[in-house]
Each structure stands twice: as structure tokens, then as C-alpha cells.
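Here it is: the structure, laid out below.
Order of writing sets the labels: A, B, C, D, E and F. Residues in every chain begin at 1.
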Amino acid sequence: MPYVNIRITRDGATAEQKAELIRGATRLLVDVLGKNPATTFVIIDEVETDNWGVGGESTTVIRRRQK
Amino acid sequence: MPYVNIRITRDGATAEQKAELIRGATRLLVDVLGKNPATTFVIIDEVETDNWGVGGESTTVIRRRQK
Amino acid sequence: MPYVNIRITRDGATAEQKAELIRGATRLLVDVLGKNPATTFVIIDEVETDNWGVGGESTTVIRRRQK
Amino acid sequence: MPYVNIRITRDGATAEQKAELIRGATRLLVDVLGKNPATTFVIIDEVETDNWGVGGESTTVIRRRQK
Amino acid sequence: MPYVNIRITRDGATAEQKAELIRGATRLLVDVLGKNPATTFVIIDEVETDNWGVGGESTTVIRRRQK
Amino acid sequence: MPYVNIRITRDGATAEQKAELIRGATRLLVDVLGKNPATTFVIIDEVETDNWGVGGESTTVIRRRQK
């Protein structure tokens, strides 16, 4: 009964893309460890770019500079 | 000083229901382990049904089929 | 299908006490929100006292002073 | 490659304050442990006051009483 | 720059199986969302069976009964 | 009442270094957002290098190659 938490920046991932993440992460746990999919949870957190930092800067600032 | 994180799907839990979860989880830590309620945190995360999967499918899809 | 994560300091909680936390947290979600216990996860993390701080100090230091 | 997750109540923290949290947490990991800032993540979660409890009460209730 | 946290019971997953989880979860984020693998983190937490409950019982108890 | 979770690889961080992380993270929340240190939690998780992946590889493998 695994629990998978995927955290990404909020960037317009579609319901279909999120469904693919859920399918793919579940299949991974089944294939690698033989886990039961019925008790495999996948939770996706979408985080505002102001709230996600890397290299000491928010993703908002990093992307503005990359344009 | 426990930390309790309750993650549920976003389904219209009311402020009163969330207050009951906070009260109940705090009392549980006090009763079972003698923890100090003043430093017991309870944080509730409400997750969109598109973002919560089980059995390889999103809760949105599971519920649509159950109707 | 809730997910409950309880984080406490590692202080010798027994298997029976941890079983009570699992039972109690599950019942709370059933009673307050009508959740299905079969898909309610409760995960307990026990954290070393050197690794848990409050008020700017580790729990190890706080307890040494309280003796 | 550290991962830092800062959870606060949603209280109108500005983008500039959140940028300071990201800068400060990253610098802390560099200064104390010599970590590489390029692979240091800082993620800020802002939680509704109804969803954050301490002492068995939601922050919404605590603040109403303190007024 | 996604962050993936996989939580499983501690059951003797080998280093090679954990490497497969890391590879697979990273590839999933690249394939579905075009994320950069160089800033994709995958963290696996292995949790004692006494500390993981489902259906109101610890995994230790559930497995003992299933034998 | 913030909650800060710092996740690092298990690499022999000393109790003193962990105390500095706790002090520094607490001070950051006080300085930037005026939070009360008495209800600021800092929890450090040390993760085995086999269990932490970046770029699709475990930290164990990355470090072996870098020697």
C-alpha cells in the first residue's frame, strides 16, 4: 500500500496529464515491487511558482529572466 | 509536540467538520501518548479529486463511474 | 481515502500505543467525514530528538534543561 | 540536494517575503552543511486558517478570540 | 523541478529496486510533463510495518493474520 | 506557528550542525514573517543515499562516479 506524492509547479498540467502521472506511478510500484494497485495512492500537489524556489530564487523570478 | 497532517479529497468538508478533526486528532495524541495539546499541530490538506489517484485512476474518474 | 501522517519524537512509543493511534485516527475520519476505513492510511514517523526543534532549540537540549 | 518545506498559515505573505524565505533557507543549507544551492529546493505551503489547528482549535477560532 | 516522495513499508526492497523506482519516477515526469531530470528529486521513505496502518490496523497485524 | 521540514541525505551531519539548522530556520521565520518561535517546529529528515535520487540516479551511484 504505497503512497506517492508528486509535487510540481502549477503550470497548467491538464487533467489528462495528471491521470497519466497517476497511472504511471501506480504501474511503477506494481512492476518494481509487486504492490497492490487498489491500495496505491498517488497525490499531486501543484505549487504556485512564487512558492517554489531553487538556487535561492523563486521559479517566478527564474522564468522571468529566462524569457 | 506532535505534528499531524490529514490529507483528504476536497469534497466540501465544513469548517465545523474540520474543527472536529483538529479536536479529535489532538485529543488522540493527548490520550495515547500524553502529549501537550498546546504544541500539537494538526494541518488538513484538501486535494482536488483530479489530483488524488487510487488503483491507477483519479478520484474524479472513479466517482463518475460510480454514479 | 484519507492519508494521515502523525509525526512524533522517538520516545519509546510501544507497538500497542502506535496501534491505538492508527485505530483512533481511522475512526476519527470515519466518524467525522464518513470515510471508508479500508482506504484510510495512517503513517507514524518517529523522529530523533536531535532532529526535532521548537523555539529554536532541539528537543534533546530542551529536555536536558528540564531535568 | 536538500529539500525544505515551509508550511505557514495563509495570511497575506507577499511575493517578496516568500522570496526572502527561499533565499534565507537556501543560504542556511549552504552555510551550515555546504550544500549546493543549485539543487536546493524550497517549497512554501500556505494553509487556510480553518485547516491549521493548535491546542485542539483551528487558527480561525484562536484569532477570533484574541481580537 | 518536480519532487516525488514514495512511501512504502520497510520490506527488504533492494538497492536495485529502489534505483528502478528512482529511474521510473524520473522518466515519468520527463515523459508526461517534459520536466528536466537534472532537477527531479525522488525520495523513498521506508516505514516500519508497526507504523503503517490501513483499515484501522497496523500492517504488522494484518500480515500476521494473512499467514 | 510555522512548520519547517528539512530533508537532507544522511551524511554525518553532527548534532551541532542540526542545532544550527533549527536555530537558523526558526530565526528566518521570526525575521521575515514575525512568527512566534515558541510555536515554530523544525523537523530534519536524514535520508539514506540509496533512497534519494536526482537525474534518475540514486545519490549512492552519483557519488561513486564522482570519486
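Everything below uses one rule, namely that contacts are C-beta pairs under 8 Å (C-beta built on N, C-alpha and C of every residue); 3 or more make two chains touch, one makes a residue touch a chain.
Since we're looking at a predicted model, the values are computed, not measured.
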Looking at where subunit B touches subunit D, is over half of the residue numbers used by both copies, so same, or under half, so different?
different
Contact-pair count is greater, between B-C and E-F, for B-C
Which of these, C-E, B-C or D-E, makes the same contacts as D-F in over half of the contact pairs?
B-C
List the centre-to-centre spacing of subunit A and subunit D in whole Å, with centres computed as mean CA coordinates.
20
So the centre of each chain is just the mean of its C-alpha atoms; given that, what is the distance between subunit A and subunit E in Å?
14
For subunit E, residues contacting two or more additional chains
1, 3, 7, 21, 25, 39, 41, 43, 52, 54
Every chain pair in contact, whichever chains are involved
A-B, A-C, A-D, A-E, B-C, B-D, B-F, C-E, C-F, D-E, D-F, E-F
So in the complex, which bits of subunit C are touching subunit F?
7, 47, 50-58, 60-61
Taking the complex as given, what residues does subunit B use to touch subunit F?
1, 3, 39, 41, 43
Within the complex, subunit D is touched by subunit F residues 1-9, 13, 17, 20-21, 24-25, 28-29, 31-33, 35, 39, 52, 54, 59
With touch defined as at the start, can you tell me which subunit A residues reach subunit B in the complex?
15, 18-19, 21-23, 25-27, 37-46
